[in-house]
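Shared between the two complexes below is subunit A, which has subunit B as its partner in the first and subunit C in the second.
On to the complex of A and B.
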């Protein structure tokens, strides 16, 4: 399979519940073999879009093609996709083996082949020997793995995952992120993941679609979203971000920095700002350092986060520095801020 | 030993109340088994002697056995039909956005509180208007109306107790509606189905008023008992029969509740 080939094509899909539009005019492609995420706050329409792909909801307008075939008239049980449900939906009356092998009935395999394929999946999810466990004797992480195996055993073209790590605690979640990514690479299936956790989306995905109020705001790689957000909402949703009016930016970096864009305002990542306790020497061609006052310092372990109020205006900026270079200054101390011109992202009002 | 929080400690007043309540409820009923073993023909203390002969006499009567067979046939069919209808009704009520769900539910449960005599008379009018001969079938039809609310009330919590995503997961794994129903829905609600079967069987088996209005020449057990009450000599035999019916009903309802509850606990304990 050519990695640039399109696996899912979503064409102007709108879904309305009554008059309320849960998904509005979604229009994008997902490539074969890609790990694709739908990222957005709760209620932004991610699950609805995923359920349209699975066939549980019908699009009010628009159409979906999977591997070139139109899906309009195809019911969920005939689509070449499988899903990991939000709460895993493990069948309570079946043990682990029978949960994983549930979808094999129609393949009419003989007993040995069926057992072999289930064992293979148990191996893949690192739960060998768990086959005879009752479904109510599994931990959250184990349930998640069983749900994965149950969906993957049918070798779907696309695996849909609805907040698969949401129910797990932080440590387990990070471990499962690594495993999920490795699993996707090894099986080579297109994954479409729904999540509200931007770190999770960044860690896992090849590309991310950021959604809000049923609309897709931007689709890009994790680095692209982080470094080149197109709108203020995307910028504030992915990582933390400072927004400042253009004139402040001009003061800080000189007119030259302002040239690239007729932007309404400027966005700067906290970690791109340098915090000085002494007035730094002016650099040729750049503006002056912005003076301010330290109002807060939060120790976050590997990083230290500062809040700085700029002199002469109400604007607060967040500054984040690695723990290797902590600034030892108490709130109230005067400080100066500088940043390189390329750290500034011009944005339009949206 | 687990120390109990005061909230879970046994409550004296409540225990006394419970015993009093049970005594009031069951003491009168207990006269039936008691006197069914009495040697005398009349109900009075002191009991003169003990005997099993009424039971023996009971089993000699072919009319009793025929009535029993009729009752079992009616109750069996009623249990199956009302449970099947109950499964679909409960599923529809829980799973689909039925407009006016509240009123519909109230309407379905209405036969629980409307006197059977009203339903009995109404059905009798309808049946005679349609010129349908009275038989065991008309009795069964009447019983289904009475039993349906019991079936639905038993099954509703089973559907409410599990995530609709189970059925979607089965569909996602390639099963059509029919197979989803058999491979996922039925096994999950099975305790409710068994409980409903037992409960509706008992309700139909014991029912008198509808059977009285809608019955033809074939008698069910309660109708037979009613007929025998007019014969004073037959009374001890009726007591023996009553004792057996009581015991049988009690066991069925007890089993039904136990199975229903055990299933519920198993599902809830999952997380």
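On to the complex of A and C.
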């Protein structure tokens, strides 16, 4: 991927509705050909930011450039972007063909070329032969594909997608994720996806911007976000995470391994913690295993999730082990926890 | 659930299962349930519309003899309607005036409905009430109000003379077809406004954004999305207004002159002073048939337009 070219440049964008700031001082670039996601809980300002890119909302402050051109004065119908709406916004009075071909009017194609392009899109979204279906005879997944085709047929520089898979059931969603990712690779268009589903963002994106309360907290690759979250909010939003006061961590791993003395607390992924049913032998340089008591066990199929209460404090830790590990007996059993020093992520209060 | 305990619900169910076939039938057949819900309306409709209509249809084949009828089942009335030009003139004129009034109203009322649906965000109900306020007064009162507005000494004429635009009162304003069309357009406006407003209000706002997103500016957005999606309302409004205005006679009687007489006036005369009920019935039936034909033609035109627009 050509990481040099910038497709979208968002400069200090703030959007206020009255006094309420839905987006605050967003400032980042999206690269050409990138699959970029805006990830955040409901109400965090993702849709608002996407609508600013599409031109449906004007930024209160700051500016947006798309492919080098300033967008301030460009109305939505003249922007080089297309959008897949959250509810798909399929035209109810048009059939599938006419929905997909809606934007072609301006290109002044002859009939045959128009039909050819629509057929090509029907092929791409795997709905050949559906052209004459009325729009109200489509399933959720089919509507989603039509919305996608309708936008892609115009070959935009950027495709904006607002929770495109949110309305689909889990199985279809996973299938569409794979298809969406393959589609993005094959058409090479920059995708900007809005989602509140961190797994979806991780599965699809080259980079993710995590948003909360209108602010962009961190922008990174999926692996970067998962392994090196910068703040507690990001850490808790992406995957599940244990948070420990610093001293407990020092006890568990030994002072030598604990170089992050200034951290307010540390974060550890549940799958990085090892669960022992017998007191493990001390290893040189490592801290002591932390004793605790099993309080809960949840069988998840491929993984088993445990809750452990540490002895002498109220702290609970989540531990997740692959199903191949020997299953510990019932809640109430005494256990010991260990983890490697590099599994600890130091975090400041935020 | 254990056997020993029987909830009231189960008891009811068991009773229902054991005793009543009707209940089972009801649960199974949605159509039957619908029919039962419709029954009161159907009864009223039957008594007040279908029976009188059938009676009128029958009567139209009779003949008036002095003060009595001869139920001789002849086509005489219809033959007279077909052969005497006065009837077709009046009928065509009524259809024409109703069309003019309907067209005028739909064109004037559409922007109002549009404004209400898309640009009023708060207190929509208040606006609706304000717009439909004139319709809270009696129909007769509204027609009389137009006499005051359009008359020789009326608001428009005195106003225009006052500012010196005209030297003499405009005679065509009152007692003319124009006056009838204007009055009809105003008097029935709410019937056209409400369905159009509802159909516009129902349009999903994201569909409008989608059309902008796909490259259409406001004008094409109107013609490619808003207008087609509001057509059901326009068609409903057109019918709601056209059908009753063809047969209207009060307006023509109050603000129309001799050349603005409508078929309704003639029908009224047949049932009144002329006292030829069979002829009145035949005229009414003819008018209904004519309205039906025009209505079907209008629907056909709309369908053709829809096909052409794609």
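Please note the rule applied: the second predicted complex is superposed on the first by the 344 of 350 C-alpha atoms of A that agree within 3 Å, B and C clash if a C-alpha of one lies under 4 Å from a C-alpha of the other, contacts with A are read in each partner's own complex, and residues count from 1 in each chain.
One rule holds in what follows: contacts are C-beta pairs under 8 Å (C-beta built on N, C-alpha and C of every residue); 3 or more make two chains touch, one makes a residue touch a chain.
The model shown is predicted, which means the values in this text are computed figures rather than measured ones.
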Overlay on subunit A: subunit C relative to subunit B, clash or fit: clash
Which superposed partner A:136 touches (first subunit B, second subunit C, both, neither): first
Which superposed partner A:83 touches (first subunit B, second subunit C, both, neither): both
Contacts of A:47 with subunit B and subunit C, given as first, second, both or neither: neither
Intersection of subunit A interface sets (partners subunit B, subunit C): 54, 56, 75-78, 81-83, 85-87, 89, 91-93, 102-103, 105-106, 150-151, 154
Residues on subunit A engaged by subunit C in the complex (per definition of touch): 54-56, 75-78, 81-83, 85-87, 89-94, 98, 102-103, 105-106, 150-151, 154
Sites on subunit C touched by subunit A in the complex: 204, 206-207, 209-217, 220, 224-225, 228-229, 310
Residues of subunit A touching subunit B in the complex: 54, 56, 75-78, 81-83, 85-87, 89, 91-93, 102-103, 105-106, 135-136, 150-151, 154
Complex interface listing, subunit B residues touching subunit A: 162-163, 165-166, 168-176, 179, 183-184, 187-188, 190, 266-267, 269-270
